Amino acid sequence: MISIVQEAFNPWDVMQAYQQQMAVRVRRKLGATSVFVGSMRDFNQDDQVDRMVLEYYPGMTEKQLGMIAAQANEQWSLIDSLIMHRVGEVFPTDVLVLVAVWAEHRADAFEACRFLMEALKAQAPFWKKECVTGQQARWVAENTEGYKRH
Amino acid sequence: MISIVQEAFNPWDVMQAYQQQMAVRVRRKLGATSVFVGSMRDFNQDDQVDRMVLEYYPGMTEKQLGMIAAQANEQWSLIDSLIMHRVGEVFPTDVLVLVAVWAEHRADAFEACRFLMEALKAQAPFWKKECVTGQQARWVAENTEGYKRH
Amino acid sequence: MNQQCDIVVKYFASLKEKLGRSEDYFTLTRSMTVSDVWAHVNPEIAPPEQLKVAVNLDYVSWDWVVKPGDEVAFFPPVTGG
Amino acid sequence: MNQQCDIVVKYFASLKEKLGRSEDYFTLTRSMTVSDVWAHVNPEIAPPEQLKVAVNLDYVSWDWVVKPGDEVAFFPPVTGG
(Lines give C-alpha, C1' and ligand atoms only; values in the text may rest on other atoms or scores of the structure.)
Protein backbone atom coordinates (compact mmCIF):
# COMPACT_ATOMS: atom_id res chain seq x y z
CA MET A 1 0.00 0.00 0.00
CA ILE A 2 1.16 3.51 -0.85
CA SER A 3 -0.21 6.32 1.25
CA ILE A 4 0.49 10.05 1.53
CA VAL A 5 -1.03 11.59 4.63
CA GLN A 6 -1.60 15.13 5.86
CA GLU A 7 -2.22 14.20 9.48
CA ALA A 8 0.20 12.91 12.12
CA PHE A 9 0.21 9.12 12.38
CA ASN A 10 1.47 6.55 14.82
CA PRO A 11 3.51 3.95 12.91
CA TRP A 12 2.86 1.15 15.42
CA ASP A 13 -0.91 1.64 15.21
CA VAL A 14 -0.60 1.56 11.43
CA MET A 15 1.43 -1.68 11.56
CA GLN A 16 -1.09 -3.24 13.90
CA ALA A 17 -4.10 -2.30 11.81
CA TYR A 18 -2.45 -3.23 8.54
CA GLN A 19 -1.47 -6.69 9.76
CA GLN A 20 -4.86 -7.31 11.28
CA GLN A 21 -6.56 -6.99 7.92
CA MET A 22 -4.20 -9.54 6.35
CA ALA A 23 -5.79 -12.94 5.77
CA VAL A 24 -4.80 -15.58 8.34
CA ARG A 25 -3.60 -17.71 5.44
CA VAL A 26 -1.15 -14.93 4.57
CA ARG A 27 -0.09 -14.28 8.14
CA ARG A 28 0.84 -17.94 8.60
CA LYS A 29 3.42 -17.57 5.81
CA LEU A 30 5.06 -14.46 7.30
CA GLY A 31 8.44 -15.19 8.72
CA ALA A 32 9.96 -11.72 8.56
CA THR A 33 8.80 -8.14 8.86
CA SER A 34 11.25 -5.31 8.39
CA VAL A 35 10.20 -1.79 9.29
CA PHE A 36 11.81 1.61 9.01
CA VAL A 37 10.47 4.76 10.64
CA GLY A 38 11.94 8.17 9.84
CA SER A 39 11.12 10.91 12.32
CA MET A 40 11.70 14.62 12.49
CA ARG A 41 14.68 15.59 14.60
CA ASP A 42 14.93 19.01 16.16
CA PHE A 43 18.42 19.60 14.79
CA ASN A 44 19.86 19.85 11.30
CA GLN A 45 23.30 21.22 10.40
CA ASP A 46 23.78 22.62 13.91
CA ASP A 47 20.52 24.57 13.91
CA GLN A 48 17.49 24.07 16.10
CA VAL A 49 14.56 23.25 13.82
CA ASP A 50 11.14 24.08 15.23
CA ARG A 51 8.88 23.10 12.42
CA MET A 52 9.02 21.79 8.89
CA VAL A 53 6.78 21.90 5.86
CA LEU A 54 6.79 18.92 3.53
CA GLU A 55 5.74 19.65 -0.04
CA TYR A 56 5.10 16.97 -2.64
CA TYR A 57 3.96 16.58 -6.24
CA PRO A 58 0.48 15.06 -6.16
CA GLY A 59 0.26 12.36 -8.78
CA MET A 60 3.97 12.00 -9.44
CA THR A 61 4.83 11.14 -5.85
CA GLU A 62 2.30 8.30 -5.74
CA LYS A 63 3.40 7.09 -9.15
CA GLN A 64 7.10 7.05 -8.21
CA LEU A 65 6.39 5.25 -4.94
CA GLY A 66 4.30 2.70 -6.80
CA MET A 67 7.14 2.10 -9.26
CA ILE A 68 9.64 1.66 -6.42
CA ALA A 69 7.35 -0.85 -4.69
CA ALA A 70 6.88 -2.77 -7.94
CA GLN A 71 10.64 -2.86 -8.43
CA ALA A 72 11.17 -4.26 -4.92
CA ASN A 73 8.56 -6.91 -5.66
CA GLU A 74 10.45 -7.97 -8.75
CA GLN A 75 13.83 -8.03 -7.08
CA TRP A 76 12.91 -9.84 -3.85
CA SER A 77 10.40 -12.45 -2.79
CA LEU A 78 7.88 -10.38 -0.83
CA ILE A 79 4.44 -10.95 0.61
CA ASP A 80 3.47 -7.30 0.96
CA SER A 81 4.88 -3.81 1.42
CA LEU A 82 3.69 -0.52 2.81
CA ILE A 83 4.97 3.02 2.27
CA MET A 84 3.35 5.85 4.21
CA HIS A 85 4.69 9.40 3.96
CA ARG A 86 3.64 12.51 5.78
CA VAL A 87 3.19 15.88 4.04
CA GLY A 88 2.27 19.37 5.23
CA GLU A 89 3.33 20.93 8.50
CA VAL A 90 5.35 18.68 10.84
CA PHE A 91 7.01 19.10 14.24
CA PRO A 92 9.94 17.46 16.03
CA THR A 93 9.27 13.80 16.94
CA ASP A 94 6.57 13.54 14.23
CA VAL A 95 6.91 10.51 11.98
CA LEU A 96 7.78 11.51 8.41
CA VAL A 97 7.91 8.11 6.77
CA LEU A 98 7.03 4.49 7.48
CA VAL A 99 8.28 1.70 5.25
CA ALA A 100 7.38 -1.92 6.01
CA VAL A 101 8.06 -5.13 4.15
CA TRP A 102 6.63 -8.58 4.85
CA ALA A 103 8.37 -11.68 3.52
CA GLU A 104 8.86 -15.34 4.26
CA HIS A 105 12.58 -14.88 4.87
CA ARG A 106 14.56 -12.17 6.60
CA ALA A 107 17.12 -11.45 3.86
CA ASP A 108 14.30 -10.41 1.52
CA ALA A 109 12.59 -8.31 4.18
CA PHE A 110 15.76 -6.50 5.27
CA GLU A 111 17.07 -5.80 1.81
CA ALA A 112 13.77 -4.74 0.27
CA CYS A 113 13.03 -2.42 3.20
CA ARG A 114 16.34 -0.67 2.82
CA PHE A 115 15.97 -0.50 -0.95
CA LEU A 116 12.53 1.10 -0.64
CA MET A 117 13.82 3.69 1.77
CA GLU A 118 16.87 4.62 -0.31
CA ALA A 119 14.87 4.70 -3.53
CA LEU A 120 12.22 6.86 -1.88
CA LYS A 121 14.85 9.34 -0.73
CA ALA A 122 16.45 9.41 -4.15
CA GLN A 123 13.43 9.70 -6.41
CA ALA A 124 10.11 10.38 -4.68
CA PRO A 125 9.24 14.06 -5.13
CA PHE A 126 9.07 15.42 -1.58
CA TRP A 127 10.77 18.62 -0.42
CA LYS A 128 11.44 19.80 3.10
CA LYS A 129 11.39 23.40 4.21
CA GLU A 130 12.78 23.99 7.68
CA CYS A 131 11.77 26.74 10.04
CA VAL A 132 14.84 27.46 12.12
CA THR A 133 14.75 29.58 15.26
CA GLY A 134 15.70 33.18 14.52
CA GLN A 135 16.13 32.64 10.79
CA GLN A 136 14.12 32.72 7.60
CA ALA A 137 12.57 29.42 6.59
CA ARG A 138 14.93 27.49 4.30
CA TRP A 139 14.59 24.64 1.87
CA VAL A 140 16.69 21.57 2.65
CA ALA A 141 19.20 21.39 -0.19
CA GLU A 142 19.98 17.72 -0.32
CA ASN A 143 19.42 14.41 1.33
CA THR A 144 22.00 12.64 3.42
CA GLU A 145 23.77 9.55 2.20
CA GLY A 146 21.91 6.40 3.19
CA TYR A 147 24.58 3.80 2.57
CA LYS A 148 27.68 4.00 4.69
CA ARG A 149 31.08 4.45 3.16
CA HIS A 150 32.97 1.53 4.68
CA MET B 1 16.97 -3.56 26.61
CA ILE B 2 17.35 -7.33 26.46
CA SER B 3 14.29 -9.39 27.28
CA ILE B 4 13.41 -13.07 27.13
CA VAL B 5 9.71 -13.74 27.46
CA GLN B 6 7.55 -16.78 28.06
CA GLU B 7 4.29 -15.20 26.99
CA ALA B 8 3.11 -14.13 23.55
CA PHE B 9 3.75 -10.46 22.85
CA ASN B 10 2.62 -7.91 20.32
CA PRO B 11 5.69 -6.18 18.85
CA TRP B 12 3.84 -2.96 17.99
CA ASP B 13 2.54 -2.59 21.53
CA VAL B 14 6.08 -3.16 22.76
CA MET B 15 7.46 -0.50 20.41
CA GLN B 16 4.78 1.94 21.48
CA ALA B 17 5.36 1.42 25.19
CA TYR B 18 9.13 1.44 24.88
CA GLN B 19 9.20 4.70 22.98
CA GLN B 20 6.73 6.33 25.32
CA GLN B 21 9.06 5.89 28.25
CA MET B 22 11.94 7.53 26.37
CA ALA B 23 12.67 11.06 27.50
CA VAL B 24 11.33 13.77 25.17
CA ARG B 25 14.89 15.11 24.92
CA VAL B 26 15.93 11.73 23.50
CA ARG B 27 12.94 11.40 21.21
CA ARG B 28 13.73 14.76 19.63
CA LYS B 29 17.10 13.36 18.49
CA LEU B 30 15.63 10.25 16.88
CA GLY B 31 15.76 10.37 13.13
CA ALA B 32 15.64 6.68 12.37
CA THR B 33 14.11 3.55 13.84
CA SER B 34 14.76 0.19 12.27
CA VAL B 35 12.73 -2.81 13.39
CA PHE B 36 12.77 -6.48 12.59
CA VAL B 37 10.09 -8.95 13.62
CA GLY B 38 10.53 -12.68 13.15
CA SER B 39 7.35 -14.74 13.30
CA MET B 40 6.56 -18.41 13.30
CA ARG B 41 5.52 -19.71 9.92
CA ASP B 42 3.40 -22.85 9.58
CA PHE B 43 5.77 -24.43 7.08
CA ASN B 44 9.37 -25.56 7.23
CA GLN B 45 11.12 -27.80 4.72
CA ASP B 46 7.81 -28.75 3.07
CA ASP B 47 6.17 -29.84 6.32
CA GLN B 48 3.21 -28.31 8.09
CA VAL B 49 4.40 -27.21 11.51
CA ASP B 50 1.69 -26.97 14.16
CA ARG B 51 3.62 -25.91 17.19
CA MET B 52 7.16 -25.23 18.27
CA VAL B 53 9.05 -25.29 21.54
CA LEU B 54 11.86 -22.78 22.02
CA GLU B 55 14.50 -23.76 24.54
CA TYR B 56 17.25 -21.45 25.76
CA TYR B 57 20.17 -21.35 28.18
CA PRO B 58 19.18 -19.06 31.06
CA GLY B 59 22.09 -16.81 31.88
CA MET B 60 24.13 -17.43 28.75
CA THR B 61 21.41 -16.27 26.39
CA GLU B 62 21.05 -12.93 28.18
CA LYS B 63 24.80 -12.54 28.37
CA GLN B 64 25.32 -13.23 24.66
CA LEU B 65 22.53 -10.85 23.68
CA GLY B 66 24.05 -8.19 25.92
CA MET B 67 27.44 -8.66 24.26
CA ILE B 68 25.88 -8.39 20.81
CA ALA B 69 24.08 -5.19 21.77
CA ALA B 70 27.30 -3.72 23.21
CA GLN B 71 29.13 -4.60 20.00
CA ALA B 72 26.48 -2.84 17.89
CA ASN B 73 26.83 0.21 20.12
CA GLU B 74 30.55 0.31 19.51
CA GLN B 75 30.28 -0.19 15.78
CA TRP B 76 27.46 2.26 15.02
CA SER B 77 26.21 5.52 16.45
CA LEU B 78 23.04 4.42 18.24
CA ILE B 79 20.62 6.00 20.67
CA ASP B 80 19.09 2.78 21.96
CA SER B 81 18.36 -0.81 21.05
CA LEU B 82 15.91 -3.50 22.05
CA ILE B 83 16.02 -7.27 21.70
CA MET B 84 13.03 -9.31 22.80
CA HIS B 85 12.92 -13.06 22.25
CA ARG B 86 10.16 -15.53 22.95
CA VAL B 87 10.78 -18.92 24.59
CA GLY B 88 8.56 -21.88 25.48
CA GLU B 89 5.64 -23.11 23.43
CA VAL B 90 4.78 -21.09 20.31
CA PHE B 91 2.23 -21.35 17.53
CA PRO B 92 2.06 -20.19 13.90
CA THR B 93 1.84 -16.38 13.56
CA ASP B 94 3.37 -15.90 17.05
CA VAL B 95 6.23 -13.44 17.18
CA LEU B 96 9.54 -15.14 17.99
CA VAL B 97 11.86 -12.16 18.02
CA LEU B 98 11.73 -8.37 17.96
CA VAL B 99 14.86 -6.33 17.29
CA ALA B 100 14.70 -2.53 17.25
CA VAL B 101 17.37 0.11 16.87
CA TRP B 102 17.03 3.86 17.36
CA ALA B 103 19.58 6.23 15.85
CA GLU B 104 19.96 9.75 14.53
CA HIS B 105 20.67 8.53 11.01
CA ARG B 106 19.20 5.74 8.95
CA ALA B 107 22.43 4.02 7.86
CA ASP B 108 23.27 3.32 11.51
CA ALA B 109 19.76 2.11 12.29
CA PHE B 110 19.50 -0.19 9.28
CA GLU B 111 22.93 -1.71 9.62
CA ALA B 112 22.87 -2.20 13.37
CA CYS B 113 19.41 -3.81 13.22
CA ARG B 114 20.55 -6.31 10.67
CA PHE B 115 23.78 -6.98 12.55
CA LEU B 116 21.87 -7.66 15.77
CA MET B 117 19.56 -10.08 14.03
CA GLU B 118 22.32 -12.00 12.27
CA ALA B 119 24.49 -12.11 15.40
CA LEU B 120 21.52 -13.31 17.45
CA LYS B 121 20.86 -16.14 15.00
CA ALA B 122 24.53 -17.10 14.96
CA GLN B 123 25.38 -17.02 18.64
CA ALA B 124 22.46 -16.61 21.03
CA PRO B 125 21.67 -20.01 22.58
CA PHE B 126 18.11 -20.74 21.52
CA TRP B 127 16.93 -24.02 20.01
CA LYS B 128 13.72 -24.77 18.14
CA LYS B 129 11.86 -28.04 18.32
CA GLU B 130 9.12 -28.41 15.73
CA CYS B 131 5.97 -30.43 16.12
CA VAL B 132 5.03 -31.55 12.61
CA THR B 133 1.67 -33.06 11.73
CA GLY B 134 1.84 -36.84 11.76
CA GLN B 135 5.48 -37.00 12.81
CA GLN B 136 7.62 -37.11 15.92
CA ALA B 137 8.76 -33.75 17.21
CA ARG B 138 12.12 -32.79 15.70
CA TRP B 139 14.87 -30.35 16.56
CA VAL B 140 15.62 -27.79 13.88
CA ALA B 141 19.14 -28.64 12.72
CA GLU B 142 20.39 -25.31 11.49
CA ASN B 143 19.47 -21.74 10.82
CA THR B 144 18.93 -20.33 7.36
CA GLU B 145 21.37 -17.96 5.77
CA GLY B 146 20.55 -14.34 6.57
CA TYR B 147 22.70 -12.57 4.01
CA LYS B 148 21.87 -13.18 0.40
CA ARG B 149 24.38 -14.70 -1.93
CA HIS B 150 24.46 -12.16 -4.75
CA MET C 1 -6.27 21.42 -21.01
CA ASN C 2 -7.85 23.04 -24.06
CA GLN C 3 -6.11 23.33 -27.41
CA GLN C 4 -5.05 26.93 -26.75
CA CYS C 5 -2.64 25.96 -24.02
CA ASP C 6 -1.62 22.36 -24.59
CA ILE C 7 1.50 22.32 -22.42
CA VAL C 8 1.34 22.84 -18.68
CA VAL C 9 4.57 23.56 -16.84
CA LYS C 10 4.77 23.08 -13.06
CA TYR C 11 7.30 24.29 -10.50
CA PHE C 12 7.87 23.01 -6.99
CA ALA C 13 9.54 23.90 -3.70
CA SER C 14 12.40 26.43 -3.79
CA LEU C 15 12.08 26.82 -7.55
CA LYS C 16 8.43 27.78 -7.25
CA GLU C 17 9.34 30.42 -4.65
CA LYS C 18 12.21 31.74 -6.72
CA LEU C 19 10.05 32.11 -9.83
CA GLY C 20 7.12 33.42 -7.83
CA ARG C 21 4.61 31.14 -9.56
CA SER C 22 3.68 27.47 -9.61
CA GLU C 23 2.52 26.95 -13.21
CA ASP C 24 2.86 28.17 -16.79
CA TYR C 25 0.76 27.31 -19.82
CA PHE C 26 1.53 27.67 -23.48
CA THR C 27 0.73 26.27 -26.89
CA LEU C 28 3.21 24.13 -28.79
CA THR C 29 3.95 25.68 -32.18
CA ARG C 30 7.13 23.76 -32.96
CA SER C 31 9.02 20.63 -31.81
CA MET C 32 10.48 21.26 -28.36
CA THR C 33 12.69 19.39 -25.90
CA VAL C 34 12.18 20.03 -22.19
CA SER C 35 15.26 22.23 -22.42
CA ASP C 36 13.46 24.33 -25.03
CA VAL C 37 10.38 24.40 -22.79
CA TRP C 38 12.42 25.89 -19.96
CA ALA C 39 13.94 28.54 -22.24
CA HIS C 40 10.48 29.37 -23.60
CA VAL C 41 8.81 29.95 -20.22
CA ASN C 42 11.86 31.36 -18.42
CA PRO C 43 13.78 33.14 -21.20
CA GLU C 44 15.84 35.26 -18.79
CA ILE C 45 16.86 32.52 -16.34
CA ALA C 46 19.35 29.70 -16.79
CA PRO C 47 18.02 26.48 -15.23
CA PRO C 48 19.52 26.10 -11.73
CA GLU C 49 22.19 23.43 -11.41
CA GLN C 50 20.84 20.01 -10.46
CA LEU C 51 17.32 20.95 -11.53
CA LYS C 52 15.19 17.85 -12.17
CA VAL C 53 12.59 17.50 -14.85
CA ALA C 54 9.62 15.17 -15.25
CA VAL C 55 7.15 14.72 -18.09
CA ASN C 56 3.78 13.18 -17.28
CA LEU C 57 5.01 12.16 -13.80
CA ASP C 58 8.16 10.35 -14.98
CA TYR C 59 11.72 11.60 -14.81
CA VAL C 60 13.16 12.46 -18.22
CA SER C 61 16.40 13.89 -19.55
CA TRP C 62 16.71 17.46 -20.82
CA ASP C 63 16.62 16.39 -24.46
CA TRP C 64 13.26 14.63 -24.11
CA VAL C 65 10.79 15.85 -26.77
CA VAL C 66 7.40 16.99 -25.47
CA LYS C 67 4.08 16.58 -27.23
CA PRO C 68 0.74 18.40 -26.98
CA GLY C 69 -1.05 17.67 -23.71
CA ASP C 70 2.12 16.97 -21.75
CA GLU C 71 2.65 18.06 -18.17
CA VAL C 72 6.24 19.22 -17.72
CA ALA C 73 7.55 19.69 -14.16
CA PHE C 74 10.75 21.33 -12.96
CA PHE C 75 11.95 20.93 -9.39
CA PRO C 76 15.06 20.88 -7.16
CA PRO C 77 16.58 17.61 -5.88
CA VAL C 78 14.12 15.75 -3.67
CA THR C 79 14.56 15.65 0.10
CA GLY C 80 11.81 13.40 1.46
CA GLY C 81 11.94 10.52 3.88
CA MET D 1 28.74 -25.67 44.10
CA ASN D 2 30.53 -27.34 47.01
CA GLN D 3 34.08 -28.64 46.83
CA GLN D 4 32.95 -32.24 46.27
CA CYS D 5 31.60 -31.45 42.82
CA ASP D 6 33.32 -28.39 41.54
CA ILE D 7 32.51 -28.74 37.85
CA VAL D 8 28.95 -28.63 36.56
CA VAL D 9 28.30 -29.80 33.01
CA LYS D 10 25.08 -28.80 31.25
CA TYR D 11 23.42 -30.19 28.13
CA PHE D 12 20.77 -28.56 25.99
CA ALA D 13 18.20 -29.29 23.30
CA SER D 14 18.73 -32.43 21.15
CA LEU D 15 21.92 -33.30 23.02
CA LYS D 16 20.09 -33.32 26.35
CA GLU D 17 17.47 -35.65 24.90
CA LYS D 18 20.07 -37.90 23.34
CA LEU D 19 22.01 -38.24 26.62
CA GLY D 20 18.82 -38.49 28.66
CA ARG D 21 19.98 -35.98 31.27
CA SER D 22 20.55 -32.23 31.53
CA GLU D 23 23.49 -32.02 33.94
CA ASP D 24 26.56 -33.83 35.27
CA TYR D 25 28.72 -32.97 38.26
CA PHE D 26 32.23 -34.04 39.09
CA THR D 27 35.36 -33.03 40.98
CA LEU D 28 38.47 -31.87 39.19
CA THR D 29 41.44 -34.04 40.14
CA ARG D 30 43.75 -33.08 37.28
CA SER D 31 44.09 -30.34 34.63
CA MET D 32 41.39 -30.75 32.02
CA THR D 33 40.42 -29.12 28.74
CA VAL D 34 36.74 -29.04 27.79
CA SER D 35 37.56 -31.89 25.46
CA ASP D 36 38.76 -33.90 28.49
CA VAL D 37 35.60 -32.89 30.34
CA TRP D 38 33.44 -34.36 27.58
CA ALA D 39 35.46 -37.62 27.58
CA HIS D 40 35.21 -37.80 31.36
CA VAL D 41 31.41 -37.46 31.59
CA ASN D 42 30.58 -39.23 28.33
CA PRO D 43 33.36 -41.83 27.99
CA GLU D 44 31.43 -43.99 25.50
CA ILE D 45 30.24 -41.23 23.17
CA ALA D 46 32.20 -39.19 20.66
CA PRO D 47 31.08 -35.54 20.73
CA PRO D 48 28.57 -34.99 17.90
CA GLU D 49 29.86 -33.02 14.94
CA GLN D 50 29.32 -29.27 15.24
CA LEU D 51 28.79 -29.51 19.00
CA LYS D 52 29.31 -26.12 20.68
CA VAL D 53 30.87 -25.60 24.06
CA ALA D 54 30.69 -22.71 26.52
CA VAL D 55 32.44 -22.13 29.84
CA ASN D 56 30.85 -19.72 32.29
CA LEU D 57 28.40 -18.50 29.62
CA ASP D 58 31.03 -17.69 26.97
CA TYR D 59 31.89 -19.71 23.89
CA VAL D 60 35.30 -21.40 24.12
CA SER D 61 37.35 -23.75 21.95
CA TRP D 62 37.77 -27.43 22.76
CA ASP D 63 41.29 -26.94 24.14
CA TRP D 64 40.13 -24.39 26.74
CA VAL D 65 41.34 -25.40 30.24
CA VAL D 66 38.67 -25.50 32.94
CA LYS D 67 39.13 -24.57 36.58
CA PRO D 68 37.25 -25.50 39.77
CA GLY D 69 33.84 -23.87 39.96
CA ASP D 70 33.40 -23.64 36.17
CA GLU D 71 30.10 -24.28 34.43
CA VAL D 72 30.73 -26.17 31.19
CA ALA D 73 27.90 -26.38 28.65
CA PHE D 74 27.60 -28.54 25.55
CA PHE D 75 24.90 -27.90 22.97
CA PRO D 76 24.05 -28.24 19.26
CA PRO D 77 24.21 -25.26 16.85
CA VAL D 78 21.75 -22.56 17.87
CA THR D 79 18.54 -21.99 15.92
CA GLY D 80 16.84 -18.97 17.48
CA GLY D 81 15.35 -15.87 15.92
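In order of appearance the chains are A, B, C and D, and numbering begins at 1 in each one.
Everything below uses one rule, namely that a residue touches a chain if its C-beta (ideal position, glycine included) is under 8 Å from a C-beta of that chain, and two chains touch if they have at least 3 such contacts.
Small disclaimer: the values here were computed from a predicted structure and weren't measured.
Enquirer: Name, by label, each chain that touches both members of the pair chain A and chain C.
Expert: Common contact partners of chain A and chain C, which must touch each of the two, are absent.
Enquirer: Centroid from C-alpha atoms only, then distance chain A to chain B, rounded to Å. What do you get?
Expert: 22
Enquirer: Would you mind pulling out the distance in Å between where the CA atoms of chain B average out and where those of chain D do?
Expert: 27
Enquirer: In whole angstrom, how far does the Cα centroid of chain B sit from the Cα centroid of chain C?
Expert: 48
Enquirer: Show the residues in chain C shared as contacts by 2 or more other chains, in ascending order.
Expert: 81
Enquirer: Name the residues of chain B that each touch 2 or more other chains.
Expert: 38, 106, 117 - these are the residues of chain B that touch more than one other chain.
Enquirer: State which pairs of chains touch, listing all of them.
Expert: Those chain pairs satisfying the definition are A-B, A-C, B-D.
Enquirer: Mind listing the chain B positions that touch chain A in their complex?
Expert: So the residues of chain B touching chain A come out as 10, 12-13, 15-16, 24, 27-43, 92-93, 104-111, 113-114, 117, 144-148.
Enquirer: Within the complex, which stretch of chain C touches chain A?
Expert: Chain C residues touching chain A: 10, 12-14, 17, 54, 57-59, 73, 75-81.
Enquirer: If you look only at chain B, which of its residues touch chain D in the complex?
Expert: 38, 54-57, 59-60, 63-64, 85, 96-97, 117, 120-129, 139-143
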